[in-house]
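Same chain, two partners: subunit A is paired with subunit B first, then with subunit C.
Showing the complex of A and B:
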């Protein structure tokens, strides 16, 4: 019967059905693994939801608890502070690198590749590499600093909140700056050379060209790189879990880290879900800002 | 201008020659800066490699030595028996997860991309926007229900379950990229084949696949590198040590789960886990960059 029904369809209708069939697996995956979990996150956030045992509807209690959770507030503060501190070096160095590799001089491809290499290494693995280089006893940084008499004794880089933040930032800049470099490079290369030439005829110096030509014309690329970089920083987890384990004195626990601890160590999954919703809200707001900035120009 | 270039300076060089020399000096300076920066960027990887080929005892020396007194593959050998089952099982786990992710991402992105690019059906725009809007939802924020669901269907602690999750993470980007690839192919090419009575699936398979191959390669590279490197989901979904992927296994070494932290073996493991993504990136760099530009800049 299905056979005859199919035969009776017009060519148009068959095309429609075929198209629908082509996208069905994708739509099914996205529904099962994205849409349903998203709805479930909201649902779970109103419940007391242990891994095993009774679940109970508790209304907004999880959200109320957020305001009293000192570590959560500390993690929010830490994550924003980390984001604010890691973004400028990524952009300044990314811009310098992009300027250096901008023109197609000989061997420049090799340099672009080298600066980009750390991007394809996993953040987890790069953190394992850096935590070892930063070790006070067998780490290479202390070895070099001591050999050149730059420090009186070995430094516990990851043992103090301030230095821990700084060295983690150093490792993340190394790992991610190539990505920003490539986006900024695309922006630089989209600016026609004639603009610079005529500015030079008018006697414009480097900074005038930078602020009146380069940066304004790269706005879209800068905005995009900025948003991707900021979102990545707000979602960071690997570097803190691996390099400091949240220490010293719980000073490097990011939002995702605290969600992870609550959900998968203490198994307070409803509470974790409530935090996830707040995180999602922050990120949607940021993405909205991105779309706004990008649209304005067109 | 003409008069100034005629002026000679005390060294006897014309203005033009000075300008050329200046340009050359600036170029040399640019290369110098580039080389120094390149060495700094390569240093962590090279340092890890150098230490991985020291003798295990030397890799643990305090203070560390700069260069190995003796080259050895002992650290790599130790890895083969490290922990409960040795590194081979974890390389295998990571490879299986990555390959399933690559295969799944290719099939779903190609089918879906073709459907969204070439067919008209009710609800098409809504569905397309739904797929793309998931780009805005970071997977970190839905891991809790994903975990609950995966446990419910007994797929937690399986390589297949983890790969399913990874495929989903790849889909928005893959669909976007493959749809654009199909849109770039002229309509006429498939129309004649369709009029000849070929089915849509065979047109896709026999005709279109070759034309969108660059897009497929890009999707595959990203699926591989992202799933090979991913840490957080692997950490959550795998509880049996036998099923740990490479990055999770290496973290257990770092935390000394198996005794004292064996830094030499850890660096050998770091090198083992870096090599595949680096090799794929270096071999297929053009496709990787295309994906970066297509996925990030043009949307």
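Showing the complex of A and C:
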């Protein structure tokens, strides 16, 4: 019976059915792992929802609480500052590396692999690695600085707010620059060589080619890399949790770190959910703005 | 048809494999036990139990700073351990949330229920019901290096008994050399400093919480400020290694074993560790003093409890009750330098002639243990107000700012 029903469908109907079948797995996946948790989070955010114990509907009280939470505002500020500081080096370095490994010359794969290698180790592992490299007694950085007499005594890199931020940025750039390099490399290689050749005939120098050919034609790739990088930075957690535990003086508590603390250490799941929803709104707005700025002009 | 037979075969394999553990399990009880930072006696208790009983216990060590988070997550996920050795300070919070098995009836049947350490029993009590019994007694005190004291011309038989004397001793030891320091504290460890810094305030008659544990008294009690000034002086004069400022507690005990530290406030757990791993360390201990004298200690340690949701509550209690009997209390606790949790057993053959043990035990007599359900949020949380206040006051020297911030954040948390 089912077979006859299928056979009776017109070509157009069957085409639609096929399309539906193709997207069903994705729709199911997104529903189970995104839509349902999202609705659940929104629901939780209107409740006093301890990790265990009684739950109570409290309306917008969690959201009102946000404005009074000094650490929440501090964490927002910190997260945006971190994002603003970590994004340019990842991009500039990623672009330089991509330019260096752009052409398919002999052994270039070795360099691409070396630059990409840190990307494939976990952020948790790399954070621990950096903690040891930055250690004041056994760390390699202090060893080098002391051997070259660049510092009078061992430095506690993770012990002061400014240096802690800087060395974490250094470690994250090292860890993620390879990924940006690959994205930008794909963009670079998509530009036909003829464009450069004719520009050279017209007498264009390196920077003219860069600003009038390379960057405009890479717009989509830059947009993708930028969005991924900014979202990753705003959602960062591991490096702060592992390298500084939010210290010193609670100066490196990112927004996700604070959501984690409230939800799982202070057991205020509803409050954590409210913060997550606000963060989601911020991310949607930011991503929309980036897409708008980097859109292809008709 | 090939696919069908393949599927049937796969099903058969899955069924056989799935039934194997069941067949092997029989009706043996397997229990899990969680403990924060391992003590010598815990592993030995579990090993001894496993060797002599049908039921088996698997011990998991959870880092102290993450214990509450992990325990909360495990309970919420419906996968709690069967037995938990919990920092006594958290018992009110877990009991209040209904996450521990009420063991009042079990406790009543214990012949030595009245002999168990009072601080632990008090913390294990919630609304008149028992939820935990003691399993590790840990009072804080000051350890000092006898050799360094002698080299510095200090009298090891007459250790410091006021804040000024602590400071003078730290200065004298620090003067011995570039790599020798008078004092150690773990500057990035919240819990360590609740355990060792609060007694300085208590011994002087001050406190950071009101007597009913309902409000914060950081801003109004001048002794809080003066104690912060003491540590700030120790830090600014370089009497402690610079690395102390970023120690998250991993060197809480080990720093002192290096032999270049004059004094370090520690607790009983360190005594058994030194005795087992560093028999050559020439150290002695004294009570943490008040400003003008007196003494205080943090009455700390672990209680043992049965998390709600376990299927093996009876067997878990059988293990717990056994740990309180004479044999393990003497042959496992005392033999490892750990104070028995039954007061009548503190005088035992292993402690005879070791004055350090009697000082450590007497620290319990001056012990304080705050009773509050938000203890973790206030004191032990690495991002909590306690550590932030200490760091701003001691390391940055901004004592006014630190006190203001501490008072505000404490109040915020205590008001919920």
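Keep this in mind: the second predicted complex is superposed on the first by the 252 of 298 C-alpha atoms of A that agree within 3 Å, B and C clash if a C-alpha of one lies under 4 Å from a C-alpha of the other, contacts with A are read in each partner's own complex, and residues count from 1 in each chain.
Just so we're on the same page, a contact is a pair of C-beta atoms (placed from the backbone, for glycine too) under 8 Å apart; a residue touches a chain by one contact, two chains touch by 3 or more.
Since this is a predicted model, take the numbers as computed values, not measurements.
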item: Subunit B versus subunit C as contact partner of A:237, first or second or both or neither; value: first
item: Most subunit A residues touched (candidates subunit B, subunit C); value: B
item: Partner chain(s) touched by A:113 [first = subunit B, second = subunit C, both, neither]; value: first
item: Contacts of A:247 with subunit B and subunit C, given as first, second, both or neither; value: second
item: Partner chain(s) touched by A:182 [first = subunit B, second = subunit C, both, neither]; value: first
item: Subunit B versus subunit C as contact partner of A:156, first or second or both or neither; value: second
item: Touched partner set for A:57, first subunit B, second subunit C, both or neither; value: neither
item: Subunit B versus subunit C as contact partner of A:264, first or second or both or neither; value: both
item: Contacts of A:292 with subunit B and subunit C, given as first, second, both or neither; value: neither
item: Which of subunit B and subunit C A:128 touches, first, second, both or neither; value: first
item: Subunit A positions touched by subunit B in one structure and by subunit C in the second; value: 51, 137, 245, 264
item: Complex contacts: residues of subunit B adjacent to subunit A; value: 27, 30, 33-34, 37-38, 41-42, 44-45, 47-48, 60-64, 66, 107-109, 111-112, 114-116, 118-122, 124, 127, 130-131, 134, 136-138, 140-149, 151, 164-165, 167-168, 171-172, 175, 200, 225, 228-232, 235-236, 247, 250-251, 254-255, 263, 266-267, 269-270, 273-274, 277-278, 281-282, 285, 288-289, 292-293, 296-297
item: Touching residues (chain side subunit A, partner subunit C) in the complex; value: 50-53, 71, 136-137, 153-154, 156, 158-159, 245-250, 253, 257, 261, 264-267
item: Touching residues (chain side subunit C, partner subunit A) in the complex; value: 65, 68-69, 72-73, 75-76, 97-99, 188, 242-243, 245-246, 248, 376-377, 381-383, 387-388, 391-392, 395-396
item: List of subunit A residues in touch with subunit B within their complex; value: 15-23, 25-27, 29-30, 32-38, 40-41, 44, 51, 97, 100-101, 105, 110-111, 113-115, 117-118, 120-126, 128-133, 135, 137-140, 142-143, 146, 174, 179, 182-183, 186, 221, 224, 228, 231, 235, 237-238, 241-242, 245, 256, 259-260, 263-264, 269, 272-273, 276-277, 279-280, 283-284, 287
